[in-house]
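Since the structure comes first, as structure tokens, the remarks are kept for the end.
The first chain written gets the first letter, and so on, giving A, B, C, D, E and F; residue counts start at 1 in each chain.
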Amino acid sequence: MRYIKDIKEGDNVSEHYLCASKQILKTRVGKTYYSLLLQDKTGSMDTKIWELSDGIANFEAGDYVKVEGSVVSFQGGLQLNVRRLRKSQTGEVDPKEYVPTVEGDMEQMYQELLGYVDKIGNAHLSQLAKKFFVEDKAFAERFKTHTAAKTMHHNVMGGLLEHTLGILRMCEFLADAYPTVDRDLLFVGALFHDMGKTRELSSFPILEYTDEGQLVGHIVMAVEWIGEKIREIPGFPAPLANLVKHMVLAHHGELEYGSPKKPAVLEAVLLHYADNIDAKVQTFGRILSETDKESNWSYYQKPFESSIRRTRY
Amino acid sequence: MRYIKDIKEGDNVSEHYLCASKQILKTRVGKTYYSLLLQDKTGSMDTKIWELSDGIANFEAGDYVKVEGSVVSFQGGLQLNVRRLRKSQTGEVDPKEYVPTVEGDMEQMYQELLGYVDKIGNAHLSQLAKKFFVEDKAFAERFKTHTAAKTMHHNVMGGLLEHTLGILRMCEFLADAYPTVDRDLLFVGALFHDMGKTRELSSFPILEYTDEGQLVGHIVMAVEWIGEKIREIPGFPAPLANLVKHMVLAHHGELEYGSPKKPAVLEAVLLHYADNIDAKVQTFGRILSETDKESNWSYYQKPFESSIRRTRY
Amino acid sequence: MRYIKDIKEGDNVSEHYLCASKQILKTRVGKTYYSLLLQDKTGSMDTKIWELSDGIANFEAGDYVKVEGSVVSFQGGLQLNVRRLRKSQTGEVDPKEYVPTVEGDMEQMYQELLGYVDKIGNAHLSQLAKKFFVEDKAFAERFKTHTAAKTMHHNVMGGLLEHTLGILRMCEFLADAYPTVDRDLLFVGALFHDMGKTRELSSFPILEYTDEGQLVGHIVMAVEWIGEKIREIPGFPAPLANLVKHMVLAHHGELEYGSPKKPAVLEAVLLHYADNIDAKVQTFGRILSETDKESNWSYYQKPFESSIRRTRY
Amino acid sequence: MRYIKDIKEGDNVSEHYLCASKQILKTRVGKTYYSLLLQDKTGSMDTKIWELSDGIANFEAGDYVKVEGSVVSFQGGLQLNVRRLRKSQTGEVDPKEYVPTVEGDMEQMYQELLGYVDKIGNAHLSQLAKKFFVEDKAFAERFKTHTAAKTMHHNVMGGLLEHTLGILRMCEFLADAYPTVDRDLLFVGALFHDMGKTRELSSFPILEYTDEGQLVGHIVMAVEWIGEKIREIPGFPAPLANLVKHMVLAHHGELEYGSPKKPAVLEAVLLHYADNIDAKVQTFGRILSETDKESNWSYYQKPFESSIRRTRY
Amino acid sequence: MRYIKDIKEGDNVSEHYLCASKQILKTRVGKTYYSLLLQDKTGSMDTKIWELSDGIANFEAGDYVKVEGSVVSFQGGLQLNVRRLRKSQTGEVDPKEYVPTVEGDMEQMYQELLGYVDKIGNAHLSQLAKKFFVEDKAFAERFKTHTAAKTMHHNVMGGLLEHTLGILRMCEFLADAYPTVDRDLLFVGALFHDMGKTRELSSFPILEYTDEGQLVGHIVMAVEWIGEKIREIPGFPAPLANLVKHMVLAHHGELEYGSPKKPAVLEAVLLHYADNIDAKVQTFGRILSETDKESNWSYYQKPFESSIRRTRY
Amino acid sequence: MRYIKDIKEGDNVSEHYLCASKQILKTRVGKTYYSLLLQDKTGSMDTKIWELSDGIANFEAGDYVKVEGSVVSFQGGLQLNVRRLRKSQTGEVDPKEYVPTVEGDMEQMYQELLGYVDKIGNAHLSQLAKKFFVEDKAFAERFKTHTAAKTMHHNVMGGLLEHTLGILRMCEFLADAYPTVDRDLLFVGALFHDMGKTRELSSFPILEYTDEGQLVGHIVMAVEWIGEKIREIPGFPAPLANLVKHMVLAHHGELEYGSPKKPAVLEAVLLHYADNIDAKVQTFGRILSETDKESNWSYYQKPFESSIRRTRY
């Protein structure tokens, strides 16, 4: 495959890319043209279609497209001028080439997650977790590939899975370290805490907040979802149902971060910290990876209210 | 009825009261006795049962009880020493005599509220509102008599109804005054915004946060409840469902006051203000009613971050 | 009239516009030229005068000017190059064509406002309100056409009048709804609360904070002004004078928003809310009117700490 | 004089004291009696009048009274039981014996203050300052003996004068140290900044916020007052008037401390700091004087968000 | 041993206790007596010495004393009236009986801590850690038995050791889980982060902030201490020295919690979280242990800004 | 000397400048060139070296360089194209021509500072101050020329000295005005409070935070430094050592501004205010000097949360 990062001025390009955005514009003389942003996992490229001829098939933002064109230099950047374009067909493209993806193997990671599901001893909680992660295939598939955030941390394909797994491992350590912790409740909280994001954010390649996501938010969406599944489980104790919902509701830790309740059980306190740690480690790494290799210090970083530094001495 | 506010030292009392609390204690010499708080709508009275004889039937806090005893003065206050006690029977007591109640007629107020339900033009919203306020008799009954708060404002029987009605009237004014407002959505938001309190707080006479109330909170409880009813209405548009939930979620106005979302539609902004105004007016009135009649100024009041003053000149 | 929004490249223009700003600059070779911003109610236009010949009469920013020139395209925008310019004469221009104006009829709105003045029963307060709105013609004229804010809400000619009227209507509703409210004090507070803005902000067409506005602020300016008029009314009770001043002082609701006192009487609490609601509704509408018609959601809006959404479903 | 701090159980007392408060109460058997708080500058004493006989003349809280009675011990404290009481006559009492007073000589301090008035070079400002401190005898007298605060700092007779003088001295240093400072404006600001307190707080012996003080506040009261005097001075420049008002308005330094404007000229910034320093030094001293002499550390002190320590090593 | 919690009215007591405080007071008639607070690990007891006879030897607060006396009831509590008192001699008392102590074996815990010291690979860091925990016997002894806080969490003998160990275990997990973490720096940070508390707080039995503790604080004290030891290690790299100090400086996580720097390296971020988690778990447990066993919910808890709940369902 | 502010298009330049930054870049065709920023005290100039020939000697950012080249206009600014460049030699340049410097004579100012050192009466404090300002020549030299801040106030050569002197003068006034103040401690605090900046910030001409500065900060660095010197003074009382450190630690006044302790002694409170005043006066002056001379008002200034105004009337 011809990666965008390798394209140079003067190249002729014939390749499949993801159309990340499409604008219909007019030149000064009133002629319609398209301005596109094409992307693959290595970068993106300003693209124009000046002639809307027969060679240009119908397509929309979000489609994979096969383009043919040539690359010119314009105002200090590169611009691809397209002569022919069609939508890519199933099988022609491998989505992993077009969106950033976690490093680990997603199938293997999901198996590890199911291992934690199996460790849940309480019958009601076990049943509840399996209703999502084992029995609901569509959910499982979506969960496996979704992102954990629109920006900042784990905003890659599989990011939600990776993040959830990082938290589960930490929760296992914490349950081992502090014997008063209820391991089952903690695991269920970790598994469920961000699953509302599969509906709050649309999937790759186009990452947008959904209307429901903006109006209701992933925290309350997850609580409703959990409530629905619980109603399908006969004899699920009401106090336990409330505790599970509370784990999700309180995991942002502070009202001003969108949790309508402060953590009131120890497991909710711990889940909040585990979530925070995993997100901060990932954000820290991402910032340093974007910082000049020569420099120990990054620019000022709002999430850390400080410049951050490589640990190098 | 013999009201508590009228009882004096030396009186013999034989009356029904509400037992608001019951503690089992031991004297220094190790003898068991009961310490009760009996109340009616006019006040409460420290009560002791020193001899647990046959005359003292089984009862618990929250029961209405018929007591016989005599009143003594103890450490500057009055104390009722009980000789005989039994639980009151249905029909012997009128709950309104035992808990503070709104001034207006609750039936009439509920009819006024139903008038607003009738004004909802959108078929889906109308159906949804009726599922609660018309068809669900248990809900309607509970809503009619519930309190709007544990302390501070409208914490009387019927307070939730009175508060909801006050907001509905203001919402009608606002919808008339500002033509861009969606009247139906605003009315539904007003009707639903505090209905979770019927489950967040236990009913009179014992006013306590329920476990669900503390773990989940009335806002999210209401959203789940609304979601359940909506699923029973075929063809209810998803965006409308999200908007209705948003009205309830955002009505506290600020994340730090427990709303997981800030108001994002005009109706949510207005509902938040109407709620605030009605609560503040009621709180203002209550504080002044407890302030010395001679004095224009109250003590410092935290909800207003100021002393408050009668408008007298 | 030739509106700015309709002007195109290549046009010859001969029209009256408002000169919103005038800068005297030098080209690289040291020749003096003028850079102007001309505006009408439909927009504004970058304008240059390259040759300061006899055809260019004296004028200043804030003047209406008759210009003749031709329109060229420059760096993606339009530029008017002026050949002749003179100040417009009285009668040649209608100010309403040059500044944005409220939709309603200002005279009619002012009559409605006077209706509220007439409803004030208390003789002292009635006299006081009339001293401003009836007897002080200059004030009345200025109040009628002034803006309520430099940016954000009601920042159009007549905006102060429209805003004050919106609040008066709401205050009337509130006084009807809550019988403990002192209607007279509330009306007077509503009438006076923003009148300091007529001196805090200079008038259209040039909207700037005055020196007094920045050093003293419209709130305290209004209080001083009220004090002066009160001294002209024999027997005006001191407590009532203080209450009227308090209404104005406290109407921003919070110390950090510039009110040196928190609302301490119920009418001050209500005025604060009514002010807030009317401003928020207007701001909400303005943001949505500037948002892409296709999109339900605006960009993030600081005054609402959220994106805001059209109520469409 | 027989000081309260020297009175012991069993004493017979016949002395003039200040009646700081008077309550009319009833015994259990329904007999009316008075409960008083008598004070002198050394302390206060619980006082009762059990028999309202001919020996007890009319009096009110705030009066000086001559009492005769005997001292008993009651619940771990002393109680004066009064047999005879009459109001003191002019000349019988020296107010300085009854309220705490600054250490320095108030007349001398006022002369020093007038020295600063004389240093004001600008004719308009000089005239303005003299209108208050020289020409308005009632004001001067009241200013001389008033307190600077109800609690915390300089809450003694003459405290306002002492505080103002401390600030004037610091302002003189600052004007010497930083040549860009306008000395006249700074002095006038220092002289006027707290003068509203003479009307915000009632005078000794009864120290209470007045109605005007609570509704309007000493800052805005002073601004109005200054405005009135300025109107009596022909040709007083408007910008200068606004600057003087701004000095007073901004001297609390932060909106949340009740200043409706942040300091915007250098003199306002400096006045704010000088005010703060003088108040903090006085508060610091008062706290340490109330702290056990053996101990270096006080208890936690809210105004310093810390325990504070004697500088002893 | 006769524990304080078992003492009853009428008992004669002859036992060793810790004198936690001693006040010299006078009766009304002017006779000197002592008021003491005696404590053991089960509680404390109000104690009086009315007669300062030969039987009462010299002693101070902080001494262990052998007392003989009898127990009376006074104002609803017990009071020990002492007839004879002498200081206890070495060997007569076991300090563990007099102050609360961690459950685990302190020697064993300290060995586990030394195991972490041994895992430090970097030669400079290893040398530095050993200078404190291995070579400085006095420090080691003090560290082993010290408390981690004056109130709230781990405020028992050995609490600092237990807390440090809890954090070390978590840091090991985190270093395993996130490969970019510098394990050596993280371990050193964990070992050192609270060691300043051994000088900030005096030791058991009298737990007080020292003068240095209040003026300088344990964070900066530790940094100075580390600096001194580092100067004894030839060739210790300056950047590494700064990183170690930063770990300690930043571990409170926020400036407003007394850290003069925000965490700027990943290890500092993680240490802050590990510290927080261990403290919160311990505090959570302590609160629940003090909450009525019947009740799921505690009272409102400031550190959690919520009531907290047992995880019971 | 040919100052940068006087250079025009077309000039040939042959002069010494300070190379403030140096970047090695590549043209589109892959040829290496240098992009420099040259500066003197009057400004800075974009500079390019297109041909890396023999005429271009080795140099780095921070060097003074002799350049020859010609000035062209590029994208609206001037650009110096260099033909020849060599490092300047000692004696060829006077650093004061290249970096902004305080107006006063630095030697004279330092003598004034030493005068304050001489006024310290306490023998230990005197010895301590002299160890830095008299005996440590390298320190003295560095202190004399250092800046007090990277931006905002006193960010010129000698700025630290000027700022420290300003504070010392104010401290002398305060010690005179308030007799309870410990003059010696206050002077020592003033002398030491910002001396850590000599190591926190690298010297002119390149002003950067050092690694130690970012990780540890000037406050704690100074405390360590003071501790080291104190250990060289036999018999320095421990409480006094702690007080001196506290003066430095607390001088930012608030935890959120990086002081790990709030001021707890009066001298620390006063030092904090004196520091603040001197910095604010300087910042105020700098902003006004950068504001259009015609205008009384600056733009909004974050450090003052306001626009600021010239005192002109």
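Just so we're on the same page, a residue touches a chain if its C-beta (ideal position, glycine included) is under 8 Å from a C-beta of that chain, and two chains touch if they have at least 3 such contacts.
Since this is a predicted model, take the numbers as computed values, not measurements.
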Where chain D and chain E overlap in contact partners, by chain label: B, F
Farthest chain (mean CA position) relative to chain F: B
Pair exhibiting more inter-chain C-beta contacts, A-F or D-F: D-F
Chain C and chain D: spacing of chain centres that average the CA atoms, whole Å: 43
Length of the line joining the C-alpha centres of chain C and chain E, rounded to whole Å: 63
Junction residues of chain A, two or more chains touched: 211, 214-215, 239, 243, 261, 264, 307, 309
Of chain E, residues touching chain A in the complex: 166, 169-170, 173-174, 177-178, 180, 182, 185, 237, 239-240, 243, 261-267, 269-270, 273, 276-277, 280-281, 284-285, 304-313
Chain A - residues contacting chain C, complex: 28, 211, 214-215
Chain B contact footprint on chain E (complex, rising order): 296-297, 307, 309
For the chain D and chain C complex, residues of the former touching the latter: 211-212, 214-217, 219-220, 223-224, 227, 238-239, 242-243, 245-246, 249, 255-261, 264
